[in-house]
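Same chain, two partners: chain A is paired with chain B first, then with chain C.
Right, the complex of A and B next:
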């Protein structure tokens, strides 16, 4: 049920190509593997397996998010004494040392954003799977937010990468990335894949689909 | 948009492509697998958690301080907690699972902090990196969860080849943990630890001798303090003996076995943890063992300036002990302040003498020594404080036989034994000199002078008188003597010569009478021989009469014919 009352593609018996956007006859019922007449891409009424893929990526991301937080992301050697810091540990260190701004930025980028993404994506997937018609425009807006904000989570990975390459004074001070950051990067990528795999049009589809 | 609607939609290509829809689930599966493997890995590498107590947590930080074994991280500090009574800190340590078990009951934990001493610098890396906890695995089969951390590094890490020994020292001197131990000037070990004896009267050092050298520590080995410089001025001139400069500055020990006729041949290797005694220097160490000490007390009437504690005690030139105490006493009766000197004498130093004492007297050592001393004191042995050095005035105690000394009672049951004393030779000389001075002072020189003066004036008068009256008379007398002499020359001398000649003739006649071949002499000789024979026969007669008084009447018995005057073994029938 659309809010605008405009006809929907399957009502008109046409289908749009995901890649080049051309609209052609919907022949998927006869030929399930039909391709785009212009660019040759597979034609689908909706992204194939959108919910399933998105859910798979999201679950994978969630699993990896645990070691990403538990394992140290960075190992700093300062005058011979090395210590490993996890994401949360780093935030606490910054907060304790008075750098509230940096602590806040890292917290938002590394903890808040991924957590919110998990929540939003999970909610979107659940509601879309059930075909709920609850707050559809707001959910769409949330989806756009997730898409937009997704890569900002790479801030943490970027920080570690830059610091590791810049702080390299042999004996004096040294910073090395640790396995945690790999997991964190994987989390960010997987959440982005999850968001990409999600077909926003599913928000507007009803249950019977 | 309208154009598109008006146009016919394109005909899609129909192709056969089939992909497994389930392929995407590989991603979470892989993620789950990774997560699971991490969990398993963490689970497997999780070592035991232990608690170690330290006095302070200096340099320790929860979550940062490492636990290292041979500089390899084997764990980290998880928590730092103050004990309930605040006396120590409990450090919670999470160990990494390793092949080596660090939870053995005798595992040792200590905090490595930077340490700078003359013997070297250690833990310099901790200066910037902060302290870490070092661990040494033990040998025990039992494991524990709570450990008592060492306050000092043990210095001997288990597994280091070599053996440890104990050393009993009066004080620590300049030694420290890590001080080197030399054997023939080769560094062969170090001081591992030191602690006061429980009674606080000595220091016990633990030494560690590295492997190939530990077999040189035998039952006969002596340890001595090798630190410092030994300067001695002897007959051969100035001698300077040192170990290496490091030992001079930082202190060190040396050991060796005595050499020479008394050295034990092939002394057995000392067992581990054997207790040795630390000697002050090499000669002391090499000296034969002192054995038990015998306390002796002396009482000197004269002040003993120059006698110090530790001054040698000599017996017949042999150093047998030393002075241990000096106390002032007050003798109320005489109003004097005698000095009570306490000595220890090591009878073992007497060597052979001791053996003879032991064979002569019975009882325990003190008793035998008392009896021996008693016999010596009776023979005049006394203790004296003698001056060892006239310039510095240092004194020593000497036991000497003193002639013409009054008898003194010696109580052999007194403890400590008290040996009577006499004042020293120098003191005696001083006394005599002072006596002489006192006597000289008593001479009335003034009176003598006055008398002498008057005498001289009288003499002068007399001389004058002599010159005026006596001399002319003397002159006259001499002249008359002269004339008398002239008379003698002319009259008396010829007569005297004559008399002398007559005297000589008389002497010549007498000489002929007394000469050996003179008849008088011959006759005298014969007469004497006759007399001798007569005496012999007379003796025979008296003998005979003594045995057979009846012979005088009845005549000699037949059997007595051959009886000689004396009964000799040969003439027995």
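Right, the complex of A and C next:
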């Protein structure tokens, strides 16, 4: 049931392949294991276990987001003195040294994007679970936003990698990655997997479907 | 099983549309959820192939030369993206080296190789050996390719270190910038058009399935 009158696939008895996009007859009732006639991938009306998988990845990411922010991501020694920095600490350092633009970029990539992702994916999972018909076009847009910006959060992992590979001057100065970055990288990967497992068409399905 | 090449289904809301030929730079989008169904492409197969070869060269330069070099009291240090990923491969953080190397180096290199492989054959409307497999892999790899995030990461690292050390961008950074642009052109979602632009060869699922299986029309 779309708001604009365009017929939906199940109403016409057709199905689209998740992988190559070809449209073919929906024969899943007679042949539950039918494969795509063009690319051979197995056909599904909806991604299998979409909501459960997506929720599982999201919850795992949410749990790991706590150590990702509490543990330091980097340890730097400079002329004898050493200090550890967390993600938020790195942003505050940039801000205090006057690099407001960079502080903002890292804040958006590392704090804002993951937080917004948790909020949006949590809301999408909850409303789709209940088969809500509230704001369907807008919810679909939010899903696309999450898909589009999600991977930029990997920025901090790459920055830590580049910096720790450059600053290797033994006694003078050294930078090492610390365990916080592993948790943070895992958060980014898990939230991406959560978004990929979520089948946006479930936003448009009513409860009984 | 009957297929309908003239139909397209919105992947975000399951609405069904008939395909129309698009004019230059036109985009077909879903009236229900505004998702992009397909767009006209400025690239034909030969041009895309040429772009892929260019991307392969940019990739080699981007990874053969350092992206940043620093200087501290006369001591030099420089890094490539691969060395940056390997800098993570020690101590308790070692697991993160695998995804880092993947998104920065391995995934883009696989994408370029797979594209060159399928496009070489697609130039004459043929499907490469392993075409189905390569197309599926390209679809899986796409979200994990992060050359543009690497580019931003290099810039952030340069600014981060500029306060403490002398920092110079290396030759690899220009190639990375070029690669970033090329990847968005060659490895986007419109790669899927190759399904329609090539003929299935023997041994593909399309050729193997009987012309009229026992299914309702």
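One rule holds in what follows: the second predicted complex is superposed on the first by the 209 of 209 C-alpha atoms of A that agree within 3 Å, B and C clash if a C-alpha of one lies under 4 Å from a C-alpha of the other, contacts with A are read in each partner's own complex, and residues count from 1 in each chain.
The rule is simple: contacts are C-beta pairs under 8 Å (C-beta built on N, C-alpha and C of every residue); 3 or more make two chains touch, one makes a residue touch a chain.
Because the structure is a prediction, the values reported are computed rather than measured.
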Between chain C and chain B, which one touches more residues of chain A when both complexes sit on the common chain A?
C
Once chain A of both complexes is superposed, is A:6 in touch with chain B (first), chain C (second), both, or neither?
second
For A:36, decide between first (touching chain B), second (touching chain C), both and neither.
both
With both complexes superposed on chain A, which partner does A:107 reach: first (chain B), second (chain C), both or neither?
neither
Chain B versus chain C as contact partner of A:59, first or second or both or neither
first
Which superposed partner A:178 touches (first chain B, second chain C, both, neither):
second
Kindly classify A:118 by the partners it touches after superposition: chain B alone (first), chain C alone (second), both, or neither?
neither
Touching A:192, do we find chain B (first), chain C (second), both, or neither?
second
Would you check which partner chain A:83 touches, where first means chain B only, second means chain C only, and both and neither mean what they say?
first
Note: overlapping chain A surface for chain B and chain C spans 14-15, 22-25, 27, 31, 34-38, 40, 186
In their complex, what parts of chain A are in touch with chain C?
2-4, 6-10, 12-16, 18-25, 27, 30-31, 34-41, 78, 94, 97, 99, 102, 105-106, 136-137, 140-141, 143-144, 147, 151-152, 154-155, 157-169, 172-173, 176-179, 181-182, 185-186, 189, 192, 196, 200-201, 203-204
Show which residues of chain A lie in contact with chain B when the two form their complex.
14-15, 22-25, 27, 31, 33-38, 40, 42-43, 48-49, 52-53, 56-57, 59-61, 63-64, 66-67, 71, 79-83, 183, 186, 190, 193, 197
Contact set on chain B toward chain A in their complex
4, 8-18, 21, 24-25, 27-28, 30-32, 34-35, 38, 63-64, 125, 128-130
Using the touch definition from the top, list the residues of chain C that touch chain A in their complex.
1-5, 7-9, 11-17, 30-35, 67-70, 72-73, 75, 77-79, 81, 83-88, 91-93, 95-96, 99-100, 103-104, 132, 135-136, 139, 143-144, 146, 149-150, 152-154, 156-157, 159-161, 163-165, 192, 195, 200, 204-206, 209, 215-217
